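What follows is a set of structures to go through.
Two complexes, one shared chain (chain A), two partners (chain B, chain C).
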Partner chain A sequence: MNALISTALSGVVMMFVGLFVRNKQNIKFFAIAAIIVAFIANLALYPTVEHGGYIVYGMIEVTKFSVVFNAVVLGATLLYFLLSGSEFEKVGEHVADYFALIFFILAGITLASSFSNLLMLFLAIEILSIPQYILAGADKKNLKSNEASLKYFLMGSFSTGILLMGITLIYGAAGSFNITELGLGSDPVHPLALCGIILLVFALAFKVSAVPFHFWTPDVYDGSPTVFTSFMSTVVKAGGFVAFLRMFHVSFAGGAISQHWTLILAIITAATLILGNFSAVFQQSVKRMLAYSSIAQAGFMLFAVISLNNMGAQGIILYAAAYSIATIGVFAVLMKLKDYTFEGFNGLARKEPLLAFTVAVCLFSLAGIPVTAGFFAKYFVLSAAIQHGNLLWLVILAVLCAAVSVYYYFRVIMAMYFKQGEPEVLPVSGGFKAALILTVVLILALGIFPNLLLCWL
Partner chain B sequence: MLTVLLILIPLIAGLITFGLKGSGPKVLSIISSLATVVLAIGAWCRFRTAPDSLNVVANWIPQLGSQFRVGLDGMGVMLCLLTAIAFLLVFITIYSRKFERPGSFYGLMLLTQAGLTGVFTAFDALQFYIFWELALIPVYFLCSIWGGEKRIAVTFKFFVYTFLGSLLMMVGIIYLYFQTPDHSFSWTSFASLQLSQDQQNWLFWLFFIAFAIKMPIFPFHTWQPDTYEQSPTPVTMILSGVMVKMGLFGLLRWLLPILPHGVMIWSDVAIVLCIIGIIYASCIAMVQSDLKRLIAYSSIAHIGLMAAAIFANNEQSLQGALLQMFNHGINIVGLWIIVEVIEQRLGVKNMDQLGGMARKAPRMAIFFVIICLANIGLPLTNGFIGEFLMFSGLFQYNHWMMAFAGLGIILSAIYTLGMIQKVIFGQENELTATTTDLNAGEILALSLIVIMIIVLGVYPQPMLDLVSNTTDVVNKLF
Partner chain C sequence: MPVQYYIFLSIALFCIGVMGVLMRRNAIIIFMCIELMLNAVNLLMVAFSKMWADAGRVDASSAQLFVFFIMVVAAAEVAIGLAIITMVYRNTRSVDINILNRLKN
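Moving on, here comes the complex of A and B:
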């Protein structure tokens, strides 16, 4: 709740800051201060929800889970601002507006983690989507950026339409918008409710770019300014997942109803894993590879939704943290390079050892190598699926796909460490290097002691 | 505490080494590995008097029921000792050699040692898995940076292969975790599981593939000859001397005690695969002219025999396999040291270009012959007693399988003696005439090896006593 209020307010304030503060550096500092305030405000709520949440006007339910998730999201955004905040000014003139849009997205995500009413779900999804359409097109004079924006907007509008239709059907079947009172568990399940659930699956699968609803992803992520791709493919995606998780775990988990959608979602997961991983193998540009890798990682996060247990919920928090930190780290270094192809990384280890080391640790984390956060993230979601009992085939498939993922992640490491070359690197500041070290420390700390995060749950 | 130190010393020394320059890295590496040898011998003494004092348990991830749980049994002591000795030998041998970026090279080597020791001491499945992976990462960098021409592709194949295997093992570990009543990863909870026949039936493969890739057993061996050939020789020594033992260790520590029925059902299949591997690898070794590839294939054959003996699973075969794990480690490191010597002096490793080295390098020739004979398993060398036990164990299991595995011995004699003949005897040529004999470090390393070969060949009893409790543990379960 605190996070929602503070991010929404910060968004409004940021718009006015643009009018009064001319120095772009100061705007960035202002944004960092605002996110730290939001982070602290969010954590201040923790003692009150530690032993059970509370409901605000039947619309929002503040729980321990949502507070911890918001903390992860806000923390990741803080890291993102520290690493890439100065890239904002390279996109265009309206730096303060970009920060404002990011804060609005954050407001949407915090709503997505704590809605208790279907209308709030709809609002959350819309609030976190619309600023993204603008950010995707922020590079106004670039055709690809325009294309990304338009494509994202059209596809996003359709999926929102589908989401609304699903909500309507579920309301028709249950007579309530409150997600805890839908009462759809009894057998036989109302056919309207079934249609509604399927439509919800499709709409949310679109938001988290699961196959076969992923077609927008590579183009949008590739076309958008890199600095915004970094945010859209990490923090925002985690927001989509938390909405997915909350909706399905609260409303559609009990009784006979879960059988009706788990198989569909399992097939979507399998397709996401296979297509995401195998397409990433064939990419020539690291940015595009990361776009496909985000699809592949979404496949792993879907495990948390299907498996319907507590381990999955813990897994999604850990995965959101591990995946966001690592991807933001890789993008931050990528933006310092002139050449976005794999060859652009050749010889980076010689020239900029710290940058190369950070990228290597981030990629290890994405590949799920032990002692990095990514290992325990994968561990938790796979455990959740094994605990579920009937998904062992999917787990084996996921493991095979994880082995494929090593191929494209390690291509970057091979380029940096084993190949000769003279990469063109933009000058990096001391602050940037400090932020990179912070990234590495976070990844390793979560990889050795995952309970640093889990002890809060 | 002793056990934790065995992991910590190389880990900390390794991290420090990254920052050192000049001759700092190699001096620190020698000191660190000497310290671990002393500690490992200390652990052996402690094991005879108070074995429980070697176990350490500390809280790690309470939410998961995973603890930091290290300990040493007889097999663990033996393998830690082997690891420590092998690294010491490697460091002594390469003392006079110059490496590009020595800090990183020695640092990664020491990290490998920490990872390997971690694998051999882990009594918590999750921790075992983590160390299993960790041992691989520094090796990947070592081979890819300092290796031969085709190193990048070859090492990557090696990495993906083993990574895939370990992921399958992870699925198995998580599955077992949920079967334990107290949701714990500890070895004792795993070993006391009562799993149904069906479960063991398929779980066996998840673990077996991971270990088979590491050893390697036919048909999972294709990464091995290329990797051994392309790696820098010091790394190859570690790979073949110690790292492949991880697979055998996995069989003994995790597969046999936890899935006894799975092993019973599939042991015939596994042994047949091993025997195919032995014969196939020996045949290829006979026609190899590249020294490194020849030894690589001979290693596949030897490891295959050990794996077959483990799956035969009776007291004699297990004791033989355990003993041979140590002896093979020592002998193969010796062979690689000779290869390193030749490669450094002459720059070639093709046997057709060699010959007559005994005249210019008589000391090397003597060491070479002794180590080769030990590798064949001649009586009074350390290879003999292990092979004898393994064969008598296999004989109890199945006469025919023993007969086919025995072919490997004959073939091994053929290619090993052929190798001796081509390298050190025969006609001297222009290239080999320029060779020089061993330097002090190499003599020291090789003498240590030869001493161990002869002492353990004549009096293997201490080693057998050391591992006897491990075979008891495994046998009790059947």
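Moving on, here comes the complex of A and C:
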């Protein structure tokens, strides 16, 4: 609740900061201060919810899980501001507005982690989507950015329509919007409820770019300004997943109803893993490879939704943290390079050893190599699926796909360390290097002691 | 009138909207079809609200409140969407969604 209020207020404040503060560097510091305030305000709520959450007017339920998740999201955004905040001014004139939009997205994500009413689910999904359409098109003269924005907007509103139809059909079956009172578990399942749940699966799969609803992802992530792709493919995607998780774990978990959607979601997961990983292998541009890799990683996060147990909820927190930190790190270095192809990384280790080392650690984490955060993230989501019992085939498929993913992540590392070349790197500041070291430390710390994060749950 | 009539009407409107989004190439028309989908949902929501009110639920009017929220959010989406379409039109002199694919290469 505190996180929601502070991020929404920060968004409004940032818009006014744009009017009064001329120096772009100061705007960035203002945004960093605002996100730190939001982070502390969110953590200040922790003692009150430690032994049980509370509900605000039947609309929002503040729980321990949502507070920890919001802390992860706000922390990842803080890291993102530290690493990439100075890239904002290269996109366009209105730096403060971009920060304001990011704060509004954060307000949507915090709402998505704590809704207890379908109305709030709808508002959360919309609040986190609409600013993204603007950010995708922030580079107004660039046709690729225009295309990304238009495509994202049309597909996003289309999926909103589907989401709303799903919510309406569920209301028709249940007579309530409160997610704890839907009571859809009875046998036989109400046909309207079944249609509604299937539409809801489709709409949320759209938002988290799961196959076969992923077709917008590569173009949108590739066309948007890189600094915003970095945010959209990490923190926002985690926000989509937490809405998915909350909806399905609270309302659709028990009784006959869960069998109906588990199979659909399992097929979607399998398709996402296979298509995401195998398409990433054939990409020439690292940015586009990361877009496909984000589809592939979405497949792993879907395990947490399907498995319907506590371990899955822990897994999604750890996965959100590991995946966001690693991807933000890779994107931060990518933005410093002139050439986004794999060849652009040739010989980076000799020229900028720290940059190359950070990218290597981040890619190890994304591939799930032990000692990095990605290993325990994958371990938790997959063992949650094993606990579920009926999903062993999916786990085996996921492990095989993780092996495939090593190929395209290591292509970058090979280019950096074993190939000769003269990469064109923009000058990097001392602050940027310090933030990179912080990224490496976070990844290794979470990889060795995942309990640093999970002890809060 | 039985609620089934409303359900069929809404589903029909919704499907017209979905088919329009999938088949038309003009961004404005796609946009209109999305609005049609949202309005089909609004109609269905009001019909269900009446259905549950007749069944004796006291909180059935919350569905009608939901409709207002859908309208407000749809208006916000229109503002963003038309701005994006205008931006694309300025750069390409067209609102055909395929033209961007061709111009990009």
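Just so we're on the same page, the second predicted complex is superposed on the first by the 457 of 457 C-alpha atoms of A that agree within 3 Å, B and C clash if a C-alpha of one lies under 4 Å from a C-alpha of the other, contacts with A are read in each partner's own complex, and residues count from 1 in each chain.
The rule is simple: contacts are C-beta pairs under 8 Å (C-beta built on N, C-alpha and C of every residue); 3 or more make two chains touch, one makes a residue touch a chain.
No experiment lies behind these values; they were computed from the predicted model shown.
Superimposing the complexes on chain A yields a three-chain arrangement in which chain B and chain C fit side by side.
Of the two partner chains placed by the overlay, only chain C lies in contact with A:143; chain B stays clear of it.
In the superposition on chain A, A:165 makes contact with chain C only, not with chain B. Of the two partner chains placed by superposition, only chain C is touched by A:153; chain B is not. When the two complexes are overlaid on their common chain A, residue A:354 makes contact with neither chain B nor chain C. Contacts of A:418 after superposition on the shared chain: chain B is touched, whereas chain C is not. In the superposition on chain A, contact of A:407 is made with chain B only, not with chain C. Legend: residue contacts after superposition of the two complexes on their common chain; A:369 is shown touching chain B, with no touch to chain C. Per the superposed model, the minimal spacing between any CA atom of chain B and any CA atom of chain C is 33 Å. Taken together, the two structures place no residue of chain A in contact with chain B in one case and with chain C in the other.
On chain C, the positions that touch chain A within their shared complex are 7, 14, 17-18, 21, 27, 30-31, 34, 37-38, 40-41, 44-45, 48, 51-52, 55, 57, 59-60, 62-63, 65-66, 69-70, 73, 76-77, 80-81, 84-85, 87-88, 91-92, 97, 100-101, 103-104.
On the chain B side of its complex with chain A, the touching residues are 60-63, 129-130, 133-134, 137, 141, 144-145, 151-152, 156, 159-160, 163-164, 167-168, 170-171, 174-175, 177-178. For chain A in complex with chain B, the residues that touch the partner chain are 314, 364, 369-371, 375, 379, 382-383, 386-387, 392, 395-396, 399-400, 402-403, 406-407, 410, 414, 417-419, 449-451, 454-455. Taken together, the chain A residues at the contact with chain C in this complex read 119, 122-123, 126, 130, 133-134, 137, 140-141, 143-144, 146-147, 149-151, 153-154, 157-158, 160-162, 164-165, 168-169, 171-172, 175-177.
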